[in-house]
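Here come two complexes built around chain A, the first alongside chain B, the second alongside chain C.
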Partner chain A sequence: MKRKKDDLDTLLREAFAAPEPAGREAFLKTLRPREVSTMQMLRQQAAYIRVPVWLFAALTVGLTIAGASVHLEETVRLMVMLMPFTAAVCVLETKRSERFGMSELEMATRYSLRSVILSRMIVLGILSALVLCICAPVLAAAFGGGVLPVGTRILIPYLVTMSASLAVERSPLGRKNGLLSPGIALVVASLSFLFGSYNPLLVLRYLEVLRSFGLPIAAFFLLLTVYEQWKTIKSVEAFA
Partner chain B sequence: MDLELAYDRIYRYAYFRLGERAAAEDITQEAFLRFLGKYGQLREYDMRILYTIARNLCIDEYRRIKPEALPEETAEVPGLSVDGQEERILVRDALSKLPAEERELLLLRYVNDESPGTIGKLLKLSRFAVYRRLKTAEEHLRKEMEAEG
Partner chain C sequence: MKLSVDRITKQYKNKIAVDRISFALTEGVTGLLGANGAGKTTLMRMMAGILDPTGGEITADGVPVQTEGYRALLGYLPQDFGYYPEFTAREFVRYIAALKGLEKKHAKEKTEELLELVGLSDVAGKKIRTFSGGMKQRVGIAQALVNDPKLLILDEPTAGLDPKERVRFRNLIAEVGKETIVLFSTHIVSDVEHIAGNLLMMRDGQLIYEGPWDESRGDLEQFYMEEFE
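Our next item is the complex of A and B:
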């Protein structure tokens, strides 16, 4: 041996020299990071959200404005029943990747599935907030009762549906079944309807509670929803 | 970790586990795609995760192709003298007689420059166990080289 035997690194490097991979450069070229800002990411994901989702949001706002303009008393109750479905639509839209086999496509765009789902959640959250911000003042102006109580009244069923749907969709049953979120929305909407029809006095008591404690109750469900969203993002590989 | 360097290390690792250039390249690319699918480019290339993905893919592929101990085809090392070439053949012969686990350890530590911590996490060993097994692998390699030489 001409070289020192303890020059192990060099000897091993030479022995383990692998042939040049043929497609290295072409592959690496596709992997080099594309600079993308948060706003660009949100815009991209907004473009991926299906037209029916936007239409549903527009329909909700349209019905509110139409109902308020003709002073239809049932408009608030209708909104209370529509908001759970808005939540279900948002959850289904967030979960769309898996149901339509888009995971591979999203992977190929070189962004993590987590960032894609997070961006989509933000876009859908903004959309829901817009619906709420338009509908609550319109309803409050048309039927009285104050923006905050009306706002919390339509927000709470939305948040209850959203947090329950996110929790259920992560379960093995939710991953197999695509109809659980609409099912939860239907249950919440039906309960709201029955609650309002059964005893009008109860509704009045509920509205009083909302006037006093609407904000803390809504904040509690908001925190619960954020927690469920965080858990969904964490388990995104199983979810999406 | 630099993308090119990470790619070369994973490719080399897969190549010397499987002995097939095309299969190693496929596994390397698949490992990167899976990593990016999970973490995106917001996270730095984590070698431990990349090795784990590549290792699992290699195990699946290994069951399918049953490769030889050490691949026949290797890269030319520029500027290597005749003695150097002989020495290289001698080391490769010695390596081919070592168990696959010891070859894997030597490759990770001395060629890919991975820390004992990273190797330990990949192979589910303590740092101490990595040092001990490396020492044993080195001794075996030296013995084989002496026997060959």
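Our next item is the complex of A and C:
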């Protein structure tokens, strides 16, 4: 009985088979291109952020958690020195269209290169904020000092490097040289290291300043960074 | 579709790269000929919407060049283009497809179709950095076609192609040109004389010839040599 039914189904399918689509390609060409939301654009660009960037962020968080779990006192200083490199990695990633000669192609796509760069900046900004939001409480819980002072202590070198790197990368020298951002990160990290090693009392004084004025200082550098990002985006399509 | 270029001008400090050029194009292949420094690339960049003109306007069926609507119609292959070093041919074409707003599934199908068309399907998973100049150029052609453009701008697309690839490319462009406005620049007259129904010739930022080649003027190659060499 079941077999008869299957045969009937097959016969019916064959008798009423759908015709070959005629003019499918022509029809598809008449469709308007789909709208893409901001979230889709961000997801799309996030998929093209290179693996080393995610690995570096994971390494920073991993080192923080590992250092905090074994109560290694130097962990906070290590983070202060690592954050400038996180900023440099983000700047290099933001500027990679120019670095690899993709700008002209990306400019001629449906979304302007500005949208692409802005999306990348937002994704990388979220990634850096996540790193900070995980590291600051972990470090504060392990070594004391409060989330805000610890947070601002590791955030400020990041913002200083980010704003300086964005400004330098726009200059003719920055356009020719791909290593200026890591160079700036190295300078900021070295200064942090020397500052910490020079005089422990100076560090204590600095921490007191951060406790009182950490937020306004961080806010100043944050504004400076946003300003530099805006200038970078503005300069993106000043082609040739 | 009608592409209108109206008194388009590009001036740098003391140099006029493109000087009040006007023309209109409809479906078909148009060859853009001119010596180095004639202003071909500047004109094409303005037509691709990546360089702001100093004056004049460019529209496709009334849609201005600066809009997303115009860019949605566009396929563009620059003279020199780079690629992210980690990209394979497939990833490269899919990336451009994503930036052109294609649905993931459609982008996937279209990428495979185009890589097959340009003869790269067997190396689609290989890094572009391992490709020869001609293969890279073919990847560039594939990305330009990924959104089924209504306007295709190709800046020196045959550079780096060997004679066999050049013939194959000409046939492909002739086919695309049946439904699309194709503008392509070249130094090589034979690239355009067989497939371009329309010619534009530029010298010192100005248009010196526009229209189908007039046989009564003699041999196109001879004319080109006399005018530009």
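Here is the rule we use: the second predicted complex is superposed on the first by the 198 of 240 C-alpha atoms of A that agree within 3 Å, B and C clash if a C-alpha of one lies under 4 Å from a C-alpha of the other, contacts with A are read in each partner's own complex, and residues count from 1 in each chain.
The criterion applied here is as follows: contacts are C-beta pairs under 8 Å (C-beta built on N, C-alpha and C of every residue); 3 or more make two chains touch, one makes a residue touch a chain.
What you see is a predicted model, and the numbers here were worked out from it, not measured in a lab.
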item	value
Touching partner for A:96 - first (chain B), second (chain C), both, neither	second
First (chain B), second (chain C), both or neither touched by A:200	neither
Touching partner for A:172 - first (chain B), second (chain C), both, neither	neither
Chain B versus chain C as contact partner of A:44, first or second or both or neither	second
First, second, both or neither for A:144, with chain B first and chain C second	neither
Residues of chain A touched, compared between chain B and chain C (which is higher)	B
Residues of chain A at both interfaces, chain B in one complex, chain C in the other	28, 33, 107, 110-112, 237
Residue numbers on chain B that touch chain A, as the complex places them	3-4, 7, 11-12, 15-16, 21-22, 24-25, 28-29, 32-33, 36-43, 73-77, 80-81, 83-84, 87-88, 90-92, 95, 106-107, 110-111, 138, 141-142, 145, 149
Chain C - residues contacting chain A, complex	42, 45, 48-51, 68, 71-72, 74, 76, 78, 80-86, 95-96, 98-103, 106, 143, 147-148
Chain A residues within the chain B interface of the complex	1-3, 5, 8-9, 11-24, 27-28, 31-33, 103, 107, 110-115, 237
Touching residues (chain side chain A, partner chain C) in the complex	28-29, 33-34, 36, 44, 48, 50, 96, 100-102, 104-112, 116, 237, 239-240
